[in-house]
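Once you've had a glance at the structure underneath, I'll fire off some questions.
Chains: A, B, C, D, E and F, in written order; residue numbering restarts at 1 for each.
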Amino acid sequence: MSLSDYTHTLTQAVSELSDKHSYEGLFHQYKDGDPLPSGKSLRRIVELSREILFPGYFGNSTVHRRTINYHIGVNVEELFSLLTEQIQAGLCFGLENTPSDNVIKKIPDRDTAASIAARFISKLPEIRRILATDVEAAYYGDPAATCFGEIICCYPIIRAITNYRIAHELYMLNVPLIPRIITEMAHSETGIDIHPGAQIGHHFTIDHGTGVVIGATCIIGNNVKLYQGVTLGAKSFPLDENGNPIKGIARHPILEDDVIVYSNATILGRITIGKGATIGGNIWVTESVPAGSRIVQRRE
Amino acid sequence: MSLSDYTHTLTQAVSELSDKHSYEGLFHQYKDGDPLPSGKSLRRIVELSREILFPGYFGNSTVHRRTINYHIGVNVEELFSLLTEQIQAGLCFGLENTPSDNVIKKIPDRDTAASIAARFISKLPEIRRILATDVEAAYYGDPAATCFGEIICCYPIIRAITNYRIAHELYMLNVPLIPRIITEMAHSETGIDIHPGAQIGHHFTIDHGTGVVIGATCIIGNNVKLYQGVTLGAKSFPLDENGNPIKGIARHPILEDDVIVYSNATILGRITIGKGATIGGNIWVTESVPAGSRIVQRRE
Amino acid sequence: MSLSDYTHTLTQAVSELSDKHSYEGLFHQYKDGDPLPSGKSLRRIVELSREILFPGYFGNSTVHRRTINYHIGVNVEELFSLLTEQIQAGLCFGLENTPSDNVIKKIPDRDTAASIAARFISKLPEIRRILATDVEAAYYGDPAATCFGEIICCYPIIRAITNYRIAHELYMLNVPLIPRIITEMAHSETGIDIHPGAQIGHHFTIDHGTGVVIGATCIIGNNVKLYQGVTLGAKSFPLDENGNPIKGIARHPILEDDVIVYSNATILGRITIGKGATIGGNIWVTESVPAGSRIVQRRE
Amino acid sequence: MSLSDYTHTLTQAVSELSDKHSYEGLFHQYKDGDPLPSGKSLRRIVELSREILFPGYFGNSTVHRRTINYHIGVNVEELFSLLTEQIQAGLCFGLENTPSDNVIKKIPDRDTAASIAARFISKLPEIRRILATDVEAAYYGDPAATCFGEIICCYPIIRAITNYRIAHELYMLNVPLIPRIITEMAHSETGIDIHPGAQIGHHFTIDHGTGVVIGATCIIGNNVKLYQGVTLGAKSFPLDENGNPIKGIARHPILEDDVIVYSNATILGRITIGKGATIGGNIWVTESVPAGSRIVQRRE
Amino acid sequence: MSLSDYTHTLTQAVSELSDKHSYEGLFHQYKDGDPLPSGKSLRRIVELSREILFPGYFGNSTVHRRTINYHIGVNVEELFSLLTEQIQAGLCFGLENTPSDNVIKKIPDRDTAASIAARFISKLPEIRRILATDVEAAYYGDPAATCFGEIICCYPIIRAITNYRIAHELYMLNVPLIPRIITEMAHSETGIDIHPGAQIGHHFTIDHGTGVVIGATCIIGNNVKLYQGVTLGAKSFPLDENGNPIKGIARHPILEDDVIVYSNATILGRITIGKGATIGGNIWVTESVPAGSRIVQRRE
Amino acid sequence: MSLSDYTHTLTQAVSELSDKHSYEGLFHQYKDGDPLPSGKSLRRIVELSREILFPGYFGNSTVHRRTINYHIGVNVEELFSLLTEQIQAGLCFGLENTPSDNVIKKIPDRDTAASIAARFISKLPEIRRILATDVEAAYYGDPAATCFGEIICCYPIIRAITNYRIAHELYMLNVPLIPRIITEMAHSETGIDIHPGAQIGHHFTIDHGTGVVIGATCIIGNNVKLYQGVTLGAKSFPLDENGNPIKGIARHPILEDDVIVYSNATILGRITIGKGATIGGNIWVTESVPAGSRIVQRRE
């Protein structure tokens, strides 16, 4: 049988797959001239941010002390341009997915996006300052670490926390979609899943990291350390009259300063882990824990 | 000492590494004219499938409603061509790795492969229909989700379940090797490890996902939800007379409709979790659970 | 407002980010003519090693039995060249990050690096021999596996253990930084985090693998099998007079021959799991376990 | 001397090269949000046009008769999108380079560009019809040609005339800059330099082609054949009061139908080569030639 | 006006361009499973041949004397594989373009192609021997040349003559289409147009080269040197009863040993330029020239 | 016959091609750690130079007036780094190809190369100044040109003269090999062959350009204009006692200021074309021409 005998099968499949009922809700229609959220551009945005924040460690550039400002300058300009486009794309995307269809919607313009991008860039020095404390925390928390450079080059927490801190800033500027894509990139790269809405203090670190989940309404103080497999999740969520989860309710834990949570512990619900508390590995916690306490696994 | 002094060391290593005893069992010999299983082609196959199933969300194309059939048409044709080649490669690979060497083997031809590829493509509309229910399940199950588009773009479950549903279809068509490679791609990308042999109903979702394992003989009903770190594994497996595990025995759990399994729970063996049951986080389950029951962690 | 109005904001950010106080400790200054540790080169080094160790399975080459030595030859030569450069980069990096600044440091030259690279390459036949036992262990340990080829192509443990065995060899040759980068590549790809300093015997395997952590001072015997989510970690680490962890102390478990550790078990501290012992899933172990014993989860 | 001693030299050069007097007239300033004429996009536009006009011969696509419309559809859509952007870029570029600075200029918008792009695309069927006659002319004019396919694949005239016919259409639609870039691409590829402003009839061919020059105001009839090295140029051009050449005057030859011009002949000025005339190789012609005449080289 | 208003125009163009009458003769229909002549593969074939013939000068490889055989081995194997595929594609292409449609045609199989590819590869040592004489001729003929290496790296004649000698060998093996594509690649790269059917002796060189044309039935002896712009062409060609040129007639010049032809000279027709003759620049020659004579331009 | 039957043929060819007598003089042996002249790096060097000299016209960068110094800074730094490496490669190459083998040769070090690269970069502002005059000359000499930007974007002379002016500067700094490779890149791109040793004044232009040849010892004044196909060549060259051409003798024409040479004219030998002279098309000139004279083609 000749291969061309499959033409009918293929044509039939194309026809079914092109039927509008078939792709309802699964199709993102392009509007001419509007920018599209682009995985490729967002990956470049993350690369550029890492190159700017940790010059010489990320990117291919061979940066000297005396010429560092040329590199930062070129990278900031490219970042501004890509971010403006992607933020505009995110705003368009957010708009079309807002359920209230009978409200007259104003198409987000390039200038609005540029203004947000500029505000984001003005926060980069502050982001670098806090990331420096995260590098310190990772270094002083791991006896196997030999120098700051090794931490920045190799440790997955640096990639995860950098993406989170970038994404959180965009989230605070009300950019839709983009922040979550950026933290999911780090999730795929490191196994660490931090929601961009979470609030995290300085000197934060996670050792090993695979399997960590930090929910959207978490509040984490300073000097907090987590190990692999820790979940800071929601215990349950109230349903609305249609049986769907109500959005926007504070439902994840608060960890005060100096808390340590060991591997595979699970902390659920809007509870508070008090300042300086230690939560042992594999522990399941659903009620608040006083400051300074030490919750450990019973012996098997 | 000149660098060329290392020539002897290198030449010696090349010679040892080229010795046929050295690479026994670790070498895949190429036969002229036979297609090779190719990671690159399989990655493209996954991309194309995602582009066809969720038009406008994956791929770079700027798809309009009126021209969508051109895009689907070109993508389906490329998919058919690559799949035919890779299925033939998989069949060749499967053949040469079948232990019974004294049976006369028929070399799989291109036409057999094309016929399988065409059958797979004719299933794509059905695959899209069930994936639409998975998107719904993810959306209604997460208070942090803002729209279907965000789910499709960002949520790791969509990548994992799409690869699984593709791979499962190929598995049911008796294609060797390829299905497992496709699910392992999603495993690497998302930390979710679903064996292509598992059976999974509609409206399936996994939240966060890292560390989830779903074994080859699992049967999962409709409206099932898992959280990160859940294992649906084998408890133990009977050995044959040589002390090796016997292949092909049903050894993983059955989850009936509407089951929820919370994070890091472990369910092992050919047991049944009854309709509507809830398994709490960090729970270890090795015996069947009646419908509607609620198994939770004792308080620490 | 014209976009160029953002020029001031951008220029201000560039200026702050180029301030030397801002990037202190986060900047890797390039020295002309010195090679740089390069993620791209190291990824190629891993690819080349995989191509050499498992000819025909990794890489694009269409290798025949009679021409295999040409392929091994070309790959070994490229590997030697890239490794020499990267090892020199690693030595330079290690040097500049050594804290004792008042010691006169000898710049590592290319010849030192080449000598280490040559010694590494002379170990490749031995690395292949032990990897062959790991392939066997994975095959005989999984009823779902159909042939050795499937193991090599698909199973994440092969990627993780190959990177570890390469990295460990470089670690034993006192190459700084590079070994950790190589194991973190596998960590990102597979979710399996093995420190290059760990010692691991032959016939080692890990099933599924996501979330496994094996610490720097672990000692693992022969025929050991782990499942996903297993942690072999440190219980605590003594602090020095400044309150920082003391580096270099043996603090991770010893697993003797024939040990099996099931999913999500956590074994902490310098304890010994005796020959042939079995540790059940989700178990928390902080004290030594005698040979042949079987530690299991109590029933919930 | 350390390499960093060159810092002063480099910094000095950067400073001089960034001085605005230094780059006056050699700098193309970017305006945010405006598209830029892009060599990469224009190369893709040429590729797409060739793929659409000669399906299956250019591009990588494996086109079948029954699925050809999918391929044409996707290519036309991408062409429309790229052309719209590049035409807008060309219009912006043309505007800013118009000397009359005191006229109020209307910024060309995307819709104007799209309208031109659509008109261009509606001409593609006609362009294909005339290119079919050019293929015929090349085939019947060369005893070494074996089939139409060889002409389309290999003969430089096909690349040159295709680019010219595309560029001429854009030129007639008053698109600035872009037409010339497109013909210069063919000039670089083939050594054939046809100005997009020239008018050329059907069944046109050039054998070998290197060194051919066809000026902006040439008018060439049907069934004309040129050989390599032929110049159809301007004899001289009147100067304006400032001694600069006056733009826009008809100054290149008219070749009527059925003319043949042999290799390295030079025809200069607004003269007419009459229908069916033959101009011999290496001939220098600056006055009109009657129809049917035969101008040949005197014997040496 | 919204951009989507152009949909009708685009759809109309797609429909016309997909009409089978529109693309008659301009369309290359793909048959499933048949290899396609591929510009990309042929460029790689040329690169590989250059790498094999001039090791260390072309390609990226860092070739040593002791490991050169690994490099040659890998390159020859890749060349054999690509050539086999492309020759088969060429044979299929040639077959379908043979006019006599009523003859039963045998589909060329992979084995026929492989046999031709192997014969070609067995000629490579001889091709290298004659190319070595061409390098010598270029070196001794140019006072500006400083060493053999400069000739091989920079001089366009080396690229042109290498492609010609490869293509001529394939032409002698009756491979359709491919030889011409290979010489046209060099034509585009260097401006030198040598038909693969021409016969050229050893120690051949061309200085500068742009604009040189060497026709299909030329016969060129040993130690011949040409300059830029030289044409060795056909004077005229007899027509058949339909007025089309008769194919396959010897119609280009014979240049005996030791002939020199200066720049822009034109030699036309089946004439003989005798041994040791010199043809001056810009000369037009249409009759045979005796051995040893010197034809020069009259003084202006 | 199985394809593997060709193994013998291939192995035989590899063996012959790896024989050291076979590749004598055609092989460039790599020395570990020495940089290699690299076509890829040199193409990047040309790109970078064009980006620096004509900011915003070449390269992808979206350069603004206020941030131009960042772009120039980054490009100059990369140019310095690549040039240093390639100049060192050129010096090594030059050394090994110097015939006098009994002289003790000093291996060129990186610092020597860096010093030359820095001197080259300090000349870039001067190179830009003279290129600005070349742009002017092209613009005022062509009635079809619409603005400076069109000249810079499209006109082949700009690419040819830029490469020449860069290459000439390196030639004056005694860098071997590299200058010629750079001018040959422009030769391939434009058909214009200018030897890097030629001396060319300001306001130089060539119209169309294909086929122009400018020899190594040419001296060209200011305001000179050439047309396509012009040769400024050597008439003959004296041979040494071995019958080889003597290197380094002035043998190409001198063109004084304000000379115009029309298409396909050939000027040979160390003659002088006086100030303001005009040489007509297709003219053959081998004796000096007085200032202000007008040499034209006799009427045919």
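By definition in this document, a residue touches a chain if its C-beta (ideal position, glycine included) is under 8 Å from a C-beta of that chain, and two chains touch if they have at least 3 such contacts.
In UniProt terms the chains read A, B, C, D, E, F = Serine acetyltransferase.
Not measured: the values here are computed from a predicted model.
Of all chains in the assembly, those touching chain C and also chain D are A, B, E, F. When each chain is reduced to the average of its Cα atoms, A sits farthest from chain E. Ranked by how far their CA centres sit from the centre of chain F, the chains are topped by B.
Which listed pair repeats D-E comes down to matching contact pairs by residue number; over half match for A-C among A-C, B-D or C-F. Distance between chain C and chain E, defined via averaged C-alpha coordinates, is recorded as 51 Å. Centre-to-centre separation of chain B and chain F, using mean CA positions: 56 Å.
With centres set at the average Cα position, the gap from chain B to chain E is 49 Å.
Averaged C-alpha coordinates put the centre of chain B at 26 Å from the centre of chain C. Chain contacts: chain A has residues 3-4, 10, 14, 32-33, 62, 64, 67, 69-70, 72-73, 77, 81, 84, 110, 114, 191, 210-211, 229, 264, 282, 297 touching two or more partner chains.
Those residues of chain C that touch chain B in the complex are listed here as 52-57, 60, 62-65, 68-69, 72-73, 76-77, 80, 84, 110-111, 114-115, 117-119, 121-122, 124-125, 128-129, 131-132, 135, 140-144, 146-150, 152-156, 189-191, 208, 210-211, 227-229, 263-264, 281-282, 297, 300.
For chain D in complex with chain F, the touching residues are 1, 3, 6, 9-10, 12-18, 20, 22-30, 32, 36-38, 40, 93-94, 97, 176-177, 180-181, 184, 187-188, 191, 193, 195, 197, 210-211, 213, 215-216, 229, 231, 233-234, 237, 244-249, 251, 264, 266, 268, 282-285, 295, 297-298. The touching residues of chain E, counted against chain B in their complex, run 4, 7, 10-11, 14, 32-33, 64, 66-67, 70, 81, 84, 110, 114.
Residues 61-62, 64, 67, 69-74, 77, 81 of chain A are the ones that touch chain F when the two sit in their complex.
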